[in-house]
Amino acid sequence: MNVLIDKFDVFAGGFWLTLQICVLAAIGALILGAVVAVLRISPVPPLRAVGTGYVNVFRNMPLTVVMFFAAFGLPALGSNADFLRVPGLDAIFSRLGTDLPYFRFALIALVLYTAAFVCEALRSGVNAVPAGQAEAARSLGLTFGQNLRYVVLPQSWKASVVPLGSVIIAMIKNSALIGFFGVVGDLSQTADQLTSAEGYAFVPVAIGISIGYLIMTVPLGALLDRLEKRQAVAR
Amino acid sequence: MATGEPLIVLDGVNKWFGPLHVLDDVSLSVGKGEVVVVIGPSGSGKSTLCRTINRLEPITSGTITFDGQPLPAEGKALAKLRSEVGMVFQSFNLFAHKTILENVTLGPVKVRKEKASVARERGLALLDRVGIANQADKFPAQLSGGQQQRAAIARALAMQPKAMLFDEPTSALDPEMVGEVLDVMTSLAGEGMTMVVVTHEMGFARHAANRVIFMADGQLVEDAPPSQFFANPRSERARDFLSKILTH
Amino acid sequence: MSQQTSVLYDVPGPRQRRITLISSIVATVVLAVGAYFLIYQPLDDKGQFSMELWGPLVDPANENFPLVWDRIGTGLKNTLIAAALAIVASLVVGTLLAVLRIQLKSLTRRRFTGLATPVAYLLRGLSLTLSAVTRVCVEVFRGLPVVITIFFVARGFPEFGISFDTLWYLVIGLTVYNAVVIAEILRSGMEGLPGGQAEAAAAIGLSPLQTTRMILLPQAFRIMLPALISQLVVVLKDTSLGFIISYEETLNIGKQIIGVLGNPIQVYVVIGVLFIVVNYSLSKLAQYVQRQLSQGRKSTGVPAQTPPAALASQSEATGQGV
Amino acid sequence: DEGTGAGSKSFPAGSTMEKLNKAQKIKVGTKFDQPGFGQKGLSGKPEGFDVEVAKIIVKELGIPEDKIEYVETPSKVREDVIVNGTVDLVAATYTINDKRKERIAFAGPYYEAGQNILVKKDDTTITGPDSFKDGTKKVCSVTGSTPAEEIKKYVKDVATQVVLFDTYDKCRDALKGGQVDAVTTDNVILLGFIAKDEASFKLAGDNFTKEPYGIGVKKEDTDFRTFINDTLEKAFADGSWKKAWDDTAGKFGAELGTAPTVNRY
Amino acid sequence: MATGEPLIVLDGVNKWFGPLHVLDDVSLSVGKGEVVVVIGPSGSGKSTLCRTINRLEPITSGTITFDGQPLPAEGKALAKLRSEVGMVFQSFNLFAHKTILENVTLGPVKVRKEKASVARERGLALLDRVGIANQADKFPAQLSGGQQQRAAIARALAMQPKAMLFDEPTSALDPEMVGEVLDVMTSLAGEGMTMVVVTHEMGFARHAANRVIFMADGQLVEDAPPSQFFANPRSERARDFLSKILTH
């Protein structure tokens, strides 16, 4: 059990990095996912096809493959993902004093992958709005834009919150993969490092790492459960 | 209840849902100020007929004119037409995230560009008229079915429509609330509103309608004044239907 | 798709159709040009389309072609074996867990009248404890990343002197996570059934266990079938995590091939396509089943027979395996 | 000595050799991603010097080659698989050192590698480990490896200069992409990278450590260790060791040198 | 329709849902062979009353006896009681994954341990009696609402219950299907089945009931033979309710 105390700073550092990456990836995925969702429900067939294609590709591929793609494909496209080298973020990417593209590649992979699910969560929100609401709006003479703005979106947003939350929880869990992918210092790589390389006893390390993830996932999940129950009652 | 010049005219209207012939060569003319009740067995196309009139459902062939103009296909013109035809649904369809008053004023403010204060005042008057002025600031889910449906009628009336369409407005209601909605509809009919009403309430048909239309299998089978229709339906199908509805 | 579009859009008229057509053409051109300059050209400049890199994967005349595909075949086989074992195990464990949780829940409400007071209290205490324990297990295993679970299993079991083939570490790791997820899918499926089903069963005198077994569970299975199939997609994707414990599934074999041939992009494209094809078919199957089910249900007096919205979304979200 | 049947060899009763010979199968831990030493080829079988050495030992046990089950043993799990009994022996560029001897035992060495430094072909600033002393150059290695520990002695600031990944592939990519200035590990691993991409990389100077590669077995299994040591000496003498090298890692142009002396501790 | 000794007796029954007093000191006795119709406004506690009788809803205080025995609280005894009281729901609640015949035979086979062949034969006879023998092998979803409800009645009858409870059995039905279900119920009443029926079908109440009970706010406000109740309701609330229900 000593390892939990001796190496507390290592656990805390892993937790902190995982949290930072998750926040960044969540922001990126929400933005990209919203764009893809707009494409997916747009009335223009080629755009819809792009949106649908995007979702089908990224939803059906393992994140692992997406990560490898990012790592090999982006350099081949001539990019080291330098566009992510924003001053504030650099501190996270060059955590070990070394600026390596893997951090950015991993982040991009996580964003690309999660965005497909964000899109679906948003879309499920739109689908959850009863057709009668839009029909009533239309029969009042509201135009498409007004219908969207005053009737559909305010309601679909509410219906999307819970599924979006589930997507983010899943993303937090998926972020564990980056530690096995080359990003050094997050929670999962910490687990590997402490047990394999530094030879600490397995059980306490496992407990420490588990707590790290559960701190992020369980309260969020409980919050969603409550939201969901509240919505179910309100309906 | 003077029946003036025709306001809604359907001519040879056909509608297919895939292989399903839902409206089969329907022709119908509804005069200004006329109240037409549509009855018929489930699936006979009553709702579809109702919905084609404000083009919530486009038709496959035939023509529909409203106030002398063929129904526009899209865009602003269609929105304008719809704002002139009030519609009341079986399941109310009040906007769940808005208060009753907001439901009623949304159309006038956003479509008609009325000033909020004006719309609000008229909205309150309408809510008063349908008997739920005291519920103005509640959300739909807090109201009983009968109150919700009356709010929906007020919402439609707020657009000052030339005609009103009702699709089974009382069949989702508890029996003791049916009356309050029918009362509002009856008074509306009395004031000369042009109305097309799909309903199973034979009492309303008898007392408030100028004409009763009986539909079966997408066809308009009978079209007669209520007294004549109920006393002596011409077709076998109508007789059969009436016997099922009226015996118990 | 069409259903969802109809919520948002009116049926288009002639002008709208014209606008759509023009935007379609513009969009297509923009997309094609973008794809050419941003993707095709850089890749071509780096020789990524050369037959030297693609040949072993796509050219049957290439000497390595049969070897490479033999390896990929092995990988696919291993992937499918692991996925099949994991899904079967998860279904069995998940079903038991779901039934256990439902039974415990109804037990906690029971007063055990007719038994001596201490016995009744003991039984109530026991059922409350068990109920809490299963609840905690579910929360913990649901909250842990499946990579971590697999890693823990592979690292932890030998620690206690139990060692298996890597296949079993992977299967156990996947099962621990997915059984819990499936249990929750089934449980909420049962709880989401119209209350009338359980009441009708009670009204003809079925016991709670009989009700669960004969009425609730079969229906939960049917209603949740789409969600369960989606979970299969998750499991299939998650088998790719086998590489962290040296299990030779498709991705790991792909890495070995890359080690020899040095064509990562090409190999990952092929593997990605394989996964997409298999999983896309499964998703389509799920959708088809979903449609069949909701069609069959249209006219029952039993309302809300489709999965509750939150669940459908949950299955979408949990579709986010790795 | 073509005798490979179970009966054709006799070993002391109760020994690991006898047990394996009876079972007529053996599990060998090796790397699957190390060119020249242990790399799984398109045939689905691992190839390399480690594998060939293992085959020599297995043959001596009277077990046919096709009865070997190869288990992938990345660097960090090598002790674990021996201790847990997942494999019977490990031949996986396994440097003999005292820390490892606390958990397992080594036969051999059968090869003496040395740590070296991989740099870009056009790099003239790095000539050896001392080039890191000024604190500007970044060097990459793998977490938990001996070279990673070793290079820390030469750098000025570990935190900024030493970059650690889970595989050497990533280090190589980082070098190629310019994120690090050098990769350091055993010369044979670096030679594998050069063999793949001669246009980009070269070694900077000579080996600066000695890395004797041994065969890992269970700590208490002295009989088996002695048996392997005997077998290795025999292989040094009869040329099969040299042939194994020439067929595998030797192709990368590295020197085999003279046979090392096995260490019978 | 002889009213023999009491079969169902409620004495001072109270039921609270949290702060809500849903059954307020209800006492009621239903004799063997009696048909009691319960009417009242929505939310007055009719369904709750009905459901307490087979303990689908436990009560807060008071006693209920069935056939002389107080209702058991749980376990085997409760299951046995329930199998002796048939229940028909507003929303049919047929088991969606079983055919109509399986729905009908499940209880006899699993609860009564009858032989499958015997149960099957009796099941078919019952389906025949309610007029849907030809639907035996279909799934509930394939039947119309009226057919489903008749199947649900057959399912309850298959347990050979001593009494039947109906909770608004026709209010989820399309109007033209109401008659067929009421016919089955009327014939059941004619054969001497003890029945408690919550319904808004005044025709049924008039013709088939021995007594009409009017509930409001959880209280049993009136209890009278139908002729008397409809002609001359004693309480203000009943009069008001009847006027709402019957006028349109």
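Residue numbering begins at 1 within each chain, and the chains themselves are lettered A, B, C, D and E in the order written.
Rule of thumb we're sticking to: contacts are C-beta pairs under 8 Å (C-beta built on N, C-alpha and C of every residue); 3 or more make two chains touch, one makes a residue touch a chain.
As the structure is a prediction and not an experimental result, all values here were calculated from the model.
J.: Hopping along touching chains only, can you work out the least number of steps from chain C to chain D?
T.: 1
J.: Identify the chain whose mean C-alpha position lies nearest to the mean of all protein C-alpha atoms shown.
T.: The most central chain here turns out to be C.
J.: Quick one: point me to the chain whose Cα centre is farthest from that of chain E.
T.: Centroid comparison gives D as the farthest chain from chain E.
J.: A-C versus B-C: which has more C-beta pairs touching?
T.: A-C
J.: Mind checking the centre-to-centre distance between chain B and chain D? Centres are C-alpha means, answer in whole Å.
T.: Here chain B and chain D have centroids separated by 84 Å.
J.: Rounded to the nearest whole Å, what is the centre-to-centre distance of chain A and chain E, using the mean of the C-alpha atoms as each centre?
T.: Distance between chain centres, rounded to whole Å: 53 Å.
J.: Where the centres are mean C-alpha positions, what is the separation of chain A from chain D, in Å?
T.: Distance between chain centres, rounded to whole Å: 40 Å.
J.: Taking each chain's centre as the mean of its CA atoms, how far is chain D from chain E in angstrom?
T.: 82
J.: Specify, in ascending order, the residues of chain C that touch 2 or more different other chains.
T.: As it turns out, chain C has residues touching two or more other chains at 10, 12, 16.
J.: What residues in chain A touch two or more of the other chains?
T.: Residues 138, 180, 192, 196 of chain A each touch two or more of the other chains.
J.: Would you pick out the residues of chain D that each touch at least 2 other chains?
T.: 77
J.: Which pairs of chains touch each other in this structure?
T.: Pairwise, the chains that meet the contact rule are A-B, A-C, A-D, B-C, B-E, C-D, C-E.
J.: Which residues of chain C touch chain A in the complex?
T.: Spelled out, the residues of chain C in touch with chain A are 3-10, 12, 16, 20, 23-24, 27-28, 31, 38-39, 42-43, 45-46, 48, 139-140, 142-148, 151-152, 155-156, 159, 233, 237-238, 240-241, 243-244, 251, 264-265, 268, 271-272, 275-276, 278-280, 283, 308-310, 312-314, 316-322.
J.: Can you list the residues on chain A that touch chain B in the complex?
T.: 130, 132-133, 135-143, 146, 150-151, 154-155, 158, 234-235
J.: Going by the contact rule at the top, pick out the chain D residues touching chain A in the complex.
T.: Those residues of chain D that touch chain A are 76-77, 138, 143-144, 159-161, 163-167, 170, 173-174, 177, 179-180.
J.: How about chain C: which of its residues touch chain B in the complex?
T.: 10-16
J.: Any idea which chain B residues touch chain E in the complex?
T.: Chain B reaches chain E through residues 41-42, 144, 174-180, 182, 200-201, 203-204, 241, 244-245, 247-248.
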